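Before I ask anything, here is the structure I am working with.
Letters A, B, C and D name the chains as they come in the text, with residue numbers starting at 1 for each one.
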Amino acid sequence: MSTDKKKLLEMYRTMVTIRQFETMAGEYFAAGQIPGFIHLSIGQEGSSTGVCSCLRPDDYVATTHRGHGHMIAKGADLKRMVAELFGKVTGYCKGKGGSMHIADFSIGILGANGVVAGGLPLIAGAGLSIKLRKTDQVAVVFFGDGASNRGPVHEAMNMAAIWKLPVLFVVENNQWASTTPQGYACALGDLCQRAAGYNMPGYSVDGNDVLAVRETTLKAVAAARQGEGPSMIENKTYRIRGHFEGDPQKYRDQAEVLTWQEKNDPIRRFEEHLVKSQILTKKKSKVIWDEVKAELDAALEFAQSSPYPKPEDALQDLFVNA
Amino acid sequence: MSDRIMSASAALAEALHEEMARDETIFILGEDLTAHAGIFGQFKGIPEKFPGRILDTPISEAAIAGCGVGSALTGMRPIVDFHFSDFVTCGMDEFCNQAAKIRYMFGGQVKLPMVVWCPDGAGLRAAAQHSQSLEAWFVHTPGLKVVVPSEPADVKGLMKASIRDDDPVMFFQHKRLFRREGHVPADPEFIIPLGRAAVKRPGKDVSLLTYGSGFFLCMDAALELAKEGIDAEVVDLRSLKPLDMETVAASVKKTFRAVIVHEACVTGGFGAELAARIQAELFDHLDAPVLRVGAKDVPIPFSPPMEDFVLPKPADVIAAVKTVCYR
Amino acid sequence: MSDRIMSASAALAEALHEEMARDETIFILGEDLTAHAGIFGQFKGIPEKFPGRILDTPISEAAIAGCGVGSALTGMRPIVDFHFSDFVTCGMDEFCNQAAKIRYMFGGQVKLPMVVWCPDGAGLRAAAQHSQSLEAWFVHTPGLKVVVPSEPADVKGLMKASIRDDDPVMFFQHKRLFRREGHVPADPEFIIPLGRAAVKRPGKDVSLLTYGSGFFLCMDAALELAKEGIDAEVVDLRSLKPLDMETVAASVKKTFRAVIVHEACVTGGFGAELAARIQAELFDHLDAPVLRVGAKDVPIPFSPPMEDFVLPKPADVIAAVKTVCYR
Amino acid sequence: MSTDKKKLLEMYRTMVTIRQFETMAGEYFAAGQIPGFIHLSIGQEGSSTGVCSCLRPDDYVATTHRGHGHMIAKGADLKRMVAELFGKVTGYCKGKGGSMHIADFSIGILGANGVVAGGLPLIAGAGLSIKLRKTDQVAVVFFGDGASNRGPVHEAMNMAAIWKLPVLFVVENNQWASTTPQGYACALGDLCQRAAGYNMPGYSVDGNDVLAVRETTLKAVAAARQGEGPSMIENKTYRIRGHFEGDPQKYRDQAEVLTWQEKNDPIRRFEEHLVKSQILTKKKSKVIWDEVKAELDAALEFAQSSPYPKPEDALQDLFVNA
């Protein structure tokens, strides 16, 4: 693993930022300050961070209803993210989108999506656009184990394969799709087995090992940039929180959650690795957590002190050429 | 047997309990139904009472819709839970090119008794992709029936009628109204035939023609209007296809004025169809143009001040009524 | 530069040739395009002239539509050929939940310049799943523009405007009209801005408001009516969203009577929206109800006598005109 | 191969019937007596006949735009078929459907479909219905190589697999999807490789060998009836005629067509086998062709002498409960 120290520490900070962001979001949602509903990615930081650590700012990412982590890992501004969740006019989408529809086109985020698997057809289009414009960008789509059974997944993967588009199909298999266990909705052991149906390389990875994710992604990104076409990566991970905040979770045993949380936390695992490799100390780690906390506090302060949109703002932004 | 007070959710569940007990070809299918009795708890008691007759599916809307169609063609009476009405887009071919056309294309060889249950509507800060009211698309699709209940009794009576109907029915129930309570008759044969509107508040000055969540806006508006001496009649259409044009006509012939109210955005909504028919069929009875009240023509925005601004409110109904009453 | 006579197909191809030469971000994508220059030969010369910029896809409508959306968001100007408009059902989520909402949901961060070209309409004995006119669904979807040309010049001018527009445009062109010929200006800057209707036959007794194939029914009807002394004005709406209500209003204010004509089935069709607006906005100018002429409310049947019966004919327009003229 | 002589001769007659039916349809279309457009299955008789030879009358079949052969192989009435193609009121659908929308529910045909892959979601529903009603029927869907890239295929196959539905997914890989070669639209050698993505058995068969098709189908049908779940069968075959009658076919070399036609005709191959096995003689074969011809002539006569529907009939058959 040739990743330098600076990059490793950056990745660690990213994971910590996602974790704190999500924890904060859960709290403010519970307190009634975040309207609508939100889906948190706690426990899945290894996937978002590992994948996005391999991307350039001009690479594209299409994300999901559970997309805060992808946004942050791709470099989004926390202030505008928090503000969007709060429905404030200073948010990324001026309050029009909220958690489930957040985007930052300036860093290549083509948007979260309230439609499960909605990102896959779009990412095929982004990949095609890269090919037509002859750049060496790559386009990455995240989707869930549940999403993997939707038809557009099939169409997009096939199309990317036959045209050798520079696309990464990253399925975050967090074991659950809302109340449905992964193994109920699909009869495969590894979701990456689907890749063979398109003659596309498929990898199953321990998604809570951020370095393993990074290693596999680097390989897939390199292939894509060199015109070798798409890959599928399955990051096996676990959703620690409910499907949405407030989920009664009658469908699963809390013991299952606790096992993952205690024995397989991607942040703790990475921290241990960094400490063992003498890249990080417990003290330095604390500094990072504190710095992130301060940054998040500033973002919160920004969001809370920002105004709501004016009601009539709802009539803006529909058409360019109105 | 006296009426009972129950929520719209409970009324739905009761209809299903009764019908499923009566006819064992009825079953329910959709995403995430058994763990929490539907994602809104709308199927309370059914997973326990009818195991194997309420099925969790993968996230595969085209196949879910297709399972409804294919099972209906082969002897079952499926109720397809479509999770959020917004996702009808993902089963649109199965609904509009298959379910709607099969009986007709094949010369009446077969029946297709399927109910597609679609929770719809806004107001939950769920933003553009989880808040739509899409009934008008299906009204414009020959071969489908379209039902949009408002009060709990309507939910029960119309669901029972929809299940017993031998044709495909798109059934839209508003998410924000699940907990809203009302009287529901206990008679297990209480059925509201499709195509029968209800005059829920008689009045003489203006006809408020509405359905679904619009009904409650109209009732609130009618109360306010009464204070100002305007006596509004509220007609709950309940089913849009078939449409009870007779009841609409009787009301308009009495009041000479009509305002149509629905939550869907105005342009191209069901109000367009109804307004077009009223002015065509009752031209000489109208003392004022038929006005429409609905959401503004944008996707539903997330942030509360904007969402509230976009959705129709009783004040909008009142303003429209005053316009047609020239006051 | 004098006008030339060409078919609607040739007009379409000319628009594309000109625009693709002007802007290299434009490309075309869809099923079976290169072998026969589109399944109707509508892209004549383009595979040879612009190799690599007209792409054959697998039969994967959701991904085709998604390729349009995703490429439009990343610097391209895709033209998506949807093969038959009936299959919009298979890309409905991409059109209505993605393309229509993306700019708005994301607060105006991005533009989405995409044209979806949909050959539509009946009359070819192609039966229920290959004959529909579905424009009304999209008129009821905020965020989409909807264009339906009739004559070759409109095809060219509107296609050029649609391509240059930075928003998603659903462009419906009638299959039976591809070979129909007409004058087309040679000026490469001949563009018909979206939202501008044309009064194609001035008249004083009744306004025939129409678009697409309905236009030709109206012109035929107007000729017949003239013989009977009724002077019909024919307004070709050309784009339904944006809609040129000013031109409509000017016409109705002159004739006091309106008949709306389209090929889509009447119930819930675009005629409903237009009738509703006319009676609301021009109530005091109307001497008669606004009537609608369209297909009967069934899927399109296969057998010629039945298909002909279901589709609107000039005689239907004439009958409606006589009704509103009380003759 | 345990199939008895009677069955073999029945299969041969079926193939001959399909061939003659399609040839007739092409002629009457060219002569302007069949409205709309039609898609012929000449060259694909091995697939339709081989599969349907394994089915009972109460088994279900969902077919395609190229569905005449499936109808005939399942036992449809030629009179009502021809009448439907001609748009006559005596046709299967009273003239409402035509070639692309023909069905006979009394023999389990759930309909042709003008929407490519439209039959797959429906067949999952038929399979589910069988399972819920606890019968031992099976449900078969035919689809094309082109269709196999549509999303609903993925959804239906996955659903049938997880629920072990008694469904056969029969892809008729006739090398072309309209103007598009199979190898362009999909990067696989054998389409049956897709089956592995659902943990479902997949078979690739020489579709022009009717007995091979039958053998594989018997296996899949038996598994389905025994509750072992669905299978995918790829019948490799070739479309001899244009995609639709009148197709200019600029996309392919007529030499390719001729090679298949001359070297790999499923009827000729079966005939040779039957003759060699002394089940059929050249003379008996001629009798069969003549008998079929007579039957078809009667069907034609029936169709031609039948009236068209009345225009107002168009308003019938929309709803049961109008």
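One rule holds for everything that comes next: contacts are C-beta pairs under 8 Å (C-beta built on N, C-alpha and C of every residue); 3 or more make two chains touch, one makes a residue touch a chain.
Here the structure is a predicted model, which is why all the values come from computation and not from measurement.
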Given chain A and chain C, the chains that contact each of them: B, D
Centroid spacing, where centroids are CA-atom means, of chain A and chain D in whole angstrom: 45
Distance from chain B to chain A - Cα centre to Cα centre, in angstrom: 37
Distance from the mean Cα position of chain C to that of chain B, given in whole angstrom: 30
Contacts with 2+ other chains: residues of chain B: 57-58, 60-63, 86-87, 89-90, 93, 97, 104-105, 127-129, 142-143, 297-299, 301
Touching two or more other chains - residue numbers and ranges from chain A: 93, 95-97, 101, 113-115, 149-152, 154-155, 158, 162, 184-186, 318
Arrangement of touching chains [line / ring / star / complete / other]: complete
Touching residues on chain C, where the partner in the complex is chain D: 31-32, 34-36, 39, 56-63, 86-87, 89-90, 124-130, 296-299, 301-310
Residue ranges of chain A in contact with chain D within the complex: 149-155, 158, 161-162, 184-188, 193-194, 196-200
Of all residues in chain B, those that touch chain D in their complex: 27, 29, 52-53, 55, 57-58, 60-63, 65-76, 78, 93-94, 97-98, 102-111, 142-143, 145, 165-167, 194
Parts of chain B lying in touch with chain C, wherever the complex brings them together: 86-90, 92-93, 95-97, 100-101, 104-105, 127-129, 136-137, 139-140, 142-143, 241, 264-265, 267-273, 275-276, 279-281, 283, 288-292, 297-299, 301
Touch list for chain A against partner chain B, complex: 35-37, 87-89, 93, 95-98, 100-101, 113-117, 146-147, 149-151, 177-180, 184-186, 248, 250-251, 308-315, 318
